[in-house]
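As structure tokens, the structure follows; a few thoughts come after it.
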Amino acid sequence: MFLPKQILEKKLQLLLTEDIGQGDITTGLLISEKTKVEAEIIAKEAGIIAGIEETKTLLNSLNLQDEPLVVDGEKIQPQQILLKIYGNAQVILTVERTLLNIISRMSGIATITYKLIKKIKDAKIKVKVACTRKTAPGLLYFDKKAVLIGGGDTHRLHLDDLILIKDNHIAIVGDIKKAILNLKEKSSFSKKIEIETSDIKDVLTSSEAGADIIMLDNFSPKQIKQTIKILKKEGFYGKILLEASGGITTKNILDFASTGVDIVSLSAITNSVKSLDVNLEIIKRTN
Amino acid sequence: MFLPKQILEKKLQLLLTEDIGQGDITTGLLISEKTKVEAEIIAKEAGIIAGIEETKTLLNSLNLQDEPLVVDGEKIQPQQILLKIYGNAQVILTVERTLLNIISRMSGIATITYKLIKKIKDAKIKVKVACTRKTAPGLLYFDKKAVLIGGGDTHRLHLDDLILIKDNHIAIVGDIKKAILNLKEKSSFSKKIEIETSDIKDVLTSSEAGADIIMLDNFSPKQIKQTIKILKKEGFYGKILLEASGGITTKNILDFASTGVDIVSLSAITNSVKSLDVNLEIIKRTN
Amino acid sequence: MFLPKQILEKKLQLLLTEDIGQGDITTGLLISEKTKVEAEIIAKEAGIIAGIEETKTLLNSLNLQDEPLVVDGEKIQPQQILLKIYGNAQVILTVERTLLNIISRMSGIATITYKLIKKIKDAKIKVKVACTRKTAPGLLYFDKKAVLIGGGDTHRLHLDDLILIKDNHIAIVGDIKKAILNLKEKSSFSKKIEIETSDIKDVLTSSEAGADIIMLDNFSPKQIKQTIKILKKEGFYGKILLEASGGITTKNILDFASTGVDIVSLSAITNSVKSLDVNLEIIKRTN
Amino acid sequence: MFLPKQILEKKLQLLLTEDIGQGDITTGLLISEKTKVEAEIIAKEAGIIAGIEETKTLLNSLNLQDEPLVVDGEKIQPQQILLKIYGNAQVILTVERTLLNIISRMSGIATITYKLIKKIKDAKIKVKVACTRKTAPGLLYFDKKAVLIGGGDTHRLHLDDLILIKDNHIAIVGDIKKAILNLKEKSSFSKKIEIETSDIKDVLTSSEAGADIIMLDNFSPKQIKQTIKILKKEGFYGKILLEASGGITTKNILDFASTGVDIVSLSAITNSVKSLDVNLEIIKRTN
Amino acid sequence: MFLPKQILEKKLQLLLTEDIGQGDITTGLLISEKTKVEAEIIAKEAGIIAGIEETKTLLNSLNLQDEPLVVDGEKIQPQQILLKIYGNAQVILTVERTLLNIISRMSGIATITYKLIKKIKDAKIKVKVACTRKTAPGLLYFDKKAVLIGGGDTHRLHLDDLILIKDNHIAIVGDIKKAILNLKEKSSFSKKIEIETSDIKDVLTSSEAGADIIMLDNFSPKQIKQTIKILKKEGFYGKILLEASGGITTKNILDFASTGVDIVSLSAITNSVKSLDVNLEIIKRTN
Amino acid sequence: MFLPKQILEKKLQLLLTEDIGQGDITTGLLISEKTKVEAEIIAKEAGIIAGIEETKTLLNSLNLQDEPLVVDGEKIQPQQILLKIYGNAQVILTVERTLLNIISRMSGIATITYKLIKKIKDAKIKVKVACTRKTAPGLLYFDKKAVLIGGGDTHRLHLDDLILIKDNHIAIVGDIKKAILNLKEKSSFSKKIEIETSDIKDVLTSSEAGADIIMLDNFSPKQIKQTIKILKKEGFYGKILLEASGGITTKNILDFASTGVDIVSLSAITNSVKSLDVNLEIIKRTN
């Protein structure tokens, strides 16, 4: 998900613009335009930091100097200084909240993603942890990138990069087998085909029809294991990717991860984010 | 925060556009352009619903018919049908996720806001519950509106609608009294002036200088009570609005709310949102 | 109304883009791309200069060097050189008209604002001079900022930063008292409440109901004085801000300003602007 | 300058969006979303109306019904009802100021343009009255269209639709003759070539070199007459268009218009606009 | 690649806006705003039609009625009427060229794509014909959709929907095997991995490392056959998709298509488009 | 058609943004952010180069260094190095395709334009070669600029810079003479008036009515010569510009060019472009 800085900068300045309105009236009246300061962004709690790249890009685009002390993905501790900022005080005070909102949301996502993956690694299980398209509306780029930084899998980036036949598609077209065969014929060779299934019968039909990935939606760990047993018997296991989805939480994730699936996916890591607390502090005037 | 539908529609279509990319490849290949369906948006858990206005606006802007069964701010139950949708199946399947992301975030915010306010009302306390500018980046409009629906106070809408002297302003200008007097002279008569304070001394100085609102930042309930006692003695209490902020959680909110302040403000209701779970289900083909 | 340069730059480049169309065909064919020149912006008449910040920002964003000889708000004389520009001749010739249009409009606004305020100060009256939202459409930022530079009060920056109950609101809701009480209950603590009134009765009702600001709309100076006499008697004077509005001109402004109101507001300073005449002259080639 | 409504609508909604900010907080809290009203736009002074097309387009784009009682270019009287509006009260109150700002500026421009042209017609002179590119920044479309409605000539719409060699171009390239010959060779056959001249010598050189239009910049009426005498002698008069520009005011326009030039151009009609006073009044609730 | 009409409409109106500039001056002055006409879009040559959906969407968005007589993908003949248009004459004349430019480019692409595929089908070969990202800059959506209508494969829609390791990536990272293994570990499970190869050795290494698709870049048909022979021997043939690319023309396409590859891709169908000639004719006034 | 770099940069970055989507996933995972490289853009075939200015502008806007070895309009040979690029490898790989698409399209247009003009010059004929508005949709700026680089005439840049009465206008208004007289009266003095004609009668009527330019649409070379004979007899030849249009190809262009017309115009040079083949090659790592 590499984006040239100058393109990313446009996304970031749009976020800033909404927050400013017609101008920061407090700063405009109170702070002289010649004042320069040194400021620090400081963590208030432990976690995995994300949004440093975005912070640097936004600061630089506003002609502020940055001196990052951490990199995205790094483990941080409470009171740790993350980044020093030098430059025009008016600009720093005006961009403060937008910056912190970006870092705290992205770090919140990276932190929970990392924790889940660590739990799985500690249990010696090899399974990918993926997010879904259930993000804050409009923040797909930032939310997906934070998942990546936390070690997770971004899943679909939007509706054009994976064929994913969901329950609502099937509710309309009816026949799973026909749907998959049809899509294998008509879709681009460059895309994988995934299908959402709700029982073993559909899993088998989808396997036979040639799906690349099968989502086991709202299957219990036990049901997943039974399904895998049958898939092994039929010779499909290992040839098709299996994604467990639905009902997976930070508490029960190992139960799902240990079933033999390739991927477990959770929406909570991007749509129920607990922000990581970070602060900006003016350290001193530098002129 | 009234916005004509056609202006709101532009915000909403931007959110949708990011999610679609170059087009929904699954729906484009699988569903005929003539297929019409009836669908329902269904709650999966209880809470206070928000985002219905946004949903209607987005649906209508895409030429889909809506039949809302609830209004924003209404209490909803699990399995309750919130809204019926009629129209082109391709469009419904393409907009599904964006719609649900909006409703689930806004309802999550409205629900927690409502719960906090109910707690306070049940305790027979009269105090406003406000959010801050700590929202998801770029989602100020949606997050603030959800707070409003939950019964909360929107606080500043952006940096141009209230003079708010924060700790970082004071770190630069130094003298609180001079700052307030200066702003009272130079700022527009149409704005209130608020100042963030960290001890009783600053509260008194700010009161004397003529601030309209004083934020007691990270004061304990005990410190707040002491402060109020002094303000009463000095004759300021009742003439200046007092906002308690910092360290307030859903658990300890009553301790703060009962101190005699006018407003308690929390960032968690907009920056650590637990989404309300909602679903879209295709009910049947209608042609 | 502080805006980071990079955000202001976007507004300015939009104005430039409209003027250019597909490209400056005269300059493209006539001037070599390597030609560098020195140019000057020169005042053709006396006044208060504004738009220097905007000019510097636009010039810098186009990679032109500026050497300002005046600052915004300064008194200037005919033939005074305001700013020197160095750089690519094609760019200077292409941006010339947009730059001059910005300076001449903003300076026209600052000049008349300053004159009105000087008249008031010379008469030893202490009253604020405010503009309204009657600006050139789409130029709120520039018009309001020019008023500020001239020493005036910006009043509302847009429809979200002050509760202002206008005659047309009252025409619908009817009851003034109920309207104010309702808004005091429901509006954010961070906003003031102003109401437009047309007679003494409404002024008193509004004062009792708790309005922060009362606009005396189309009151004659005599009526204003009578109103103030009553407000004094009732104990409201000094506690509520009074804004005289309607029918105020550069000629009669002292009659209104001397009545005892806190603010006089005029729409003419932003919607009937006499541009200040300024020119750009190429001084010499520098390569 | 025909623009499809749906394209014009985008320009208009941008103007509205700036004025609204995050939403009309007064209207949102005070007026019920179901309230429907009838409103009228009423002239407060006499003049030539413009902006009716823009008003209709913006109203319709917001789903409001319009009933125009005048057309653009019509003479109007004080207290004349210009347009009736029916529909949602919240929307009408929110769009009121933007609408009036558009009508009052455009009508101000159309009115002064019309008056100048009438003066010329009454004197039985046949000469075109043109505006320049000295408009409010960013309002080229609206200002030029208002000139057209007032009967004037729009001159260049932007920098790509006429070759216009200005004094600053000549300051760089030096040789007028070479410049014109060069441009006749290299410019598109679809464009005319105009040159700004400051003395008779340049006028003759330009005529000989083949300019289509010659601007007599800051020539007195007497100088213009002498110039025309010489052009007649040399056989150029009638073959080249002559534009008098600079120093022309509403007072002295006949002196210039009667010299024999084809066009007189003034910047004041678009950059020193006196707004025409118009009001919007809520007439009654309709539900 | 399904896009809701209202999103597509925005792309289309942007194209129109560039063409119009400040307005259609001919139509504005010549045609009355009340004139309504019937018009027809007529083919001037045979081919496969594309752009009908875009035409309908743009017409409807401008409030014009359409009556399409063909559907996208249909074979058309010279002089065949493709679509009837009813409505405002000014709008039809203003949008004419933009509409025709869209149809003629998209149909040009669909026609050549169809011809190539027909040639392959007639030869009883089963191979996909794909385009590349070599489109007209900025027209990815339209060019890819036209390929789809012609029966072709869209390949990557942008840089985020397929891992494609190109020669320039390898020039930097060096080791093909390591690159693929690395990407299989780190990339999302939802994406396929393709690699561009230039000799048999690289093909084998890539096959062993687990690439999903191998591009045989600038291989002659003979080289491709040899490669396939080896892949069969090694047991990879049939498990990995093979894409022949480079040097493929409309003349030699069968030589490549008959080698046993899964896909042949050509850039010429989108970057060297011969437009299909279509016309718009006003048939009659309808009022 | 001079456009300041910073305005052109915005057009270019929009083209890039469409191609990237949410980010270049291959480059992001494979190439380290610290890698710097030297790259070259190399011609694969002979022609006239165009797009170098655009390439430099886009590269610089992304903070990449460029070292152009050719200038726009220069004749290039196969294998010739056109431009060297130095800088961040991730950015170069991400922008590669957009850059090449721009150069190859613009150079294709410049090359065919140049060839046609050379043919005419070699035949010692003095006639302009113009393009039309039949460009790739949305690429007017780039296509017109490429024509200019090839030595051609850009014709109308959009619908606001020349009065051009087309067959469809006449189909509605009927009377050619009236149309021209009407437009001469009402249109701006700054615009020329052109009319599309289909027979000698219309040509004469248009000449008498005072058109500046007459388009001879779909006249054979023989018909054109007859028309010119008559125009000479009537004294119009040499006073009105004549544009031959319709049915002109690279093969028969001399037949039209030698008839005595001033301009021949062809749509094929912009709407049926054969791209010039260019490549980007990574030469070496530089760090």
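Structural remarks
So that you can tell them apart, the chains are marked A, B, C, D, E and F in the order they are listed, and the count of residues begins at 1 in each.
Criterion: a contact is a pair of C-beta atoms (placed from the backbone, for glycine too) under 8 Å apart; a residue touches a chain by one contact, two chains touch by 3 or more.
This one's a predicted model, so the numbers in the text were calculated from it and none came from an experiment.
Hopping across touching chains, the smallest step count from subunit A to subunit C is 1.
Ranked by distance of CA centroids from subunit D, the top chain is A. Distance from the subunit B centre to the subunit F centre is 52 Å, each centre being the mean of its Cα atoms. Rounded to whole angstrom, the centroid-to-centroid distance between subunit E and subunit F, based on C-alpha atoms, equals 23 Å. Annotation for subunit F: residues 1, 20-25, 27, 31, 94, 140-141, 157-158, 160-161, 188, 191 touch two or more other chains. Residues 14-15, 18-27, 29-31, 35, 37, 39, 89, 93-94, 96-98, 100-102, 104-105, 108, 133-142, 157-161, 163-166, 168-169, 171-173, 179, 182-183, 186-188, 191, 267-268, 271-275, 280-282, 285 of subunit A touch subunit B in their complex. The touching residues of subunit A, when paired with subunit C in their complex, are 13, 16-17, 20-25, 27-28, 31, 61-63, 90-91, 94-95.
Residues of subunit F touching subunit C in their complex: 1-7, 10, 140-141, 144-145, 157-158, 160-161.
Contacts from subunit A toward subunit E in the complex involve residues 1, 128, 130, 153-157, 160-162, 188-192, 194, 213, 241, 243, 262-263.
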